[in-house]
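The structure under discussion is supplied below as structure tokens; questions concerning it will follow.
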Amino acid sequence: MAAAIDAIGECEEAVTACAAAMVGEDDVRVLQDAIVRDLNCADVVAATRRVLSRGSDAALLSAQLEACVLACEHSAELCARHAHHHEHCRMCSQATLRCAEACRQVLHGLHG
Amino acid sequence: MAAAIDAIGECEEAVTACAAAMVGEDDVRVLQDAIVRDLNCADVVAATRRVLSRGSDAALLSAQLEACVLACEHSAELCARHAHHHEHCRMCSQATLRCAEACRQVLHGLHG
Amino acid sequence: MAAAIDAIGECEEAVTACAAAMVGEDDVRVLQDAIVRDLNCADVVAATRRVLSRGSDAALLSAQLEACVLACEHSAELCARHAHHHEHCRMCSQATLRCAEACRQVLHGLHG
Amino acid sequence: MAAAIDAIGECEEAVTACAAAMVGEDDVRVLQDAIVRDLNCADVVAATRRVLSRGSDAALLSAQLEACVLACEHSAELCARHAHHHEHCRMCSQATLRCAEACRQVLHGLHG
């Protein structure tokens, strides 16, 4: 669980910084969907971390983790396409994939 | 959707104020679980509102709304028990139930 | 104070929706700074609303309200420039100015 | 700046977990003010981290960092009193003091 909390924290930081960096890029017009996905991801992972840190209400945590995995995967999917020419997208797609995996492991522990 | 955004905003406000008020009550020891549920609810609804406001990624929105409904119902369940002697719990349980209903209607629209 | 909480809630909603809408505009490249200011504003006002709702720690509230007024003014300044051709910028600049004014009134009450 | 972002992330995690743990303690009634300060601190540091991550608008960042330092100091002040009998308060007061110091250094860099 501590590993998941760390992964979520790094993910929130990466998507927040990446979204702001994409907004400032010359090719921002092809990054529009990726930006919105990063913004959504930042908010969803932040809420997930709070619920996880409080350590109660497993049913809510489970539903919130499902949303979190989706938010991370959707963000990673688009940023991965821009990873070869934007370093922040490469870092962001890695952080979101790590976060998704960490959340899946917590989910597995909850249901296992 | 505008109705849902309003209901979520009122819910976030009600659970945040109610949690802080419960922390200050003489009978805080019987309110412990209700406080944590309100804190979780505040964070989950806030993230849901952001995703909803951005108006894209229906799959993520759907998963986040599912978590939101659960957060509201869990919060309402415990605050309703204290509604007869704490006005903030009464207002909070009403706001969370309205929010849950508004989110279910958005979900219905997404899947219908 | 209830008026300020409402104004902050409407402001958070307006800047969040406006930022996402600007990201999707054809002229996104001239909106880059306005987008980041809206994103900053959304986060600062959300934190301010939480502190205000809890109703304690006047020194912290005062400092947070100062930051909030600045965030709103900075957001309004840039969105106002785009208000004539983007309806969401017009609504956003109005909501941020109302929020700044509401926060200044709370500040005045704290220090008066 | 990366150090400050890390310190803020650890602080948000510590105050969120500590607040939830205090709510569950037998002596919750003497912890009431400390809980609200931790909750305020969590929200203020989270907003500060977002603004810092986006790396623009130094005037807003400065005001938000001032509020952040205050939030951390106020939280640390009360949790330190309970550090000898609650491990989460000890960890929390350390994390908030480290965060306050990291933010002061960023402020010094902005104004220096």
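Think of it as A, B, C and D in the order they're written, each chain with its own count starting at 1.
Rule of thumb we're sticking to: a residue touches a chain if its C-beta (ideal position, glycine included) is under 8 Å from a C-beta of that chain, and two chains touch if they have at least 3 such contacts.
As the structure is a prediction and not an experimental result, all values here were calculated from the model.
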item: Shared interface partners, meaning chains that touch chain B and chain C; value: A, D
item: A-D against B-D, pair bridged by the larger set of C-beta contacts; value: A-D
item: Copies chain A and chain B touch via same or different residues, half shared test; value: same
item: Turning angle required so that chain C lies on chain D, C-alpha fit (0 to 180°, nearest 5); value: 180
item: Centre-of-Cα separation between chain D and chain B, whole angstrom; value: 25
item: Set of chain A residues in contact with two or more other chains; value: 20, 36, 39, 46, 50, 54, 56
item: Arrangement of touching chains [line / ring / star / complete / other]; value: complete
item: Touching residues (chain side chain A, partner chain C) in the complex; value: 19-20, 23-24, 26, 28-29, 32, 35-36, 39
item: Of chain C, residues touching chain D in the complex; value: 33, 36-37, 39-40, 43-44, 46-47, 50-51, 54, 56-57, 59-60, 63-64, 66-67, 70-71, 74
item: Interfacial residue positions of chain A with respect to chain D in the complex; value: 5, 9, 12-13, 16-17, 20, 42, 46, 49-50, 53-56
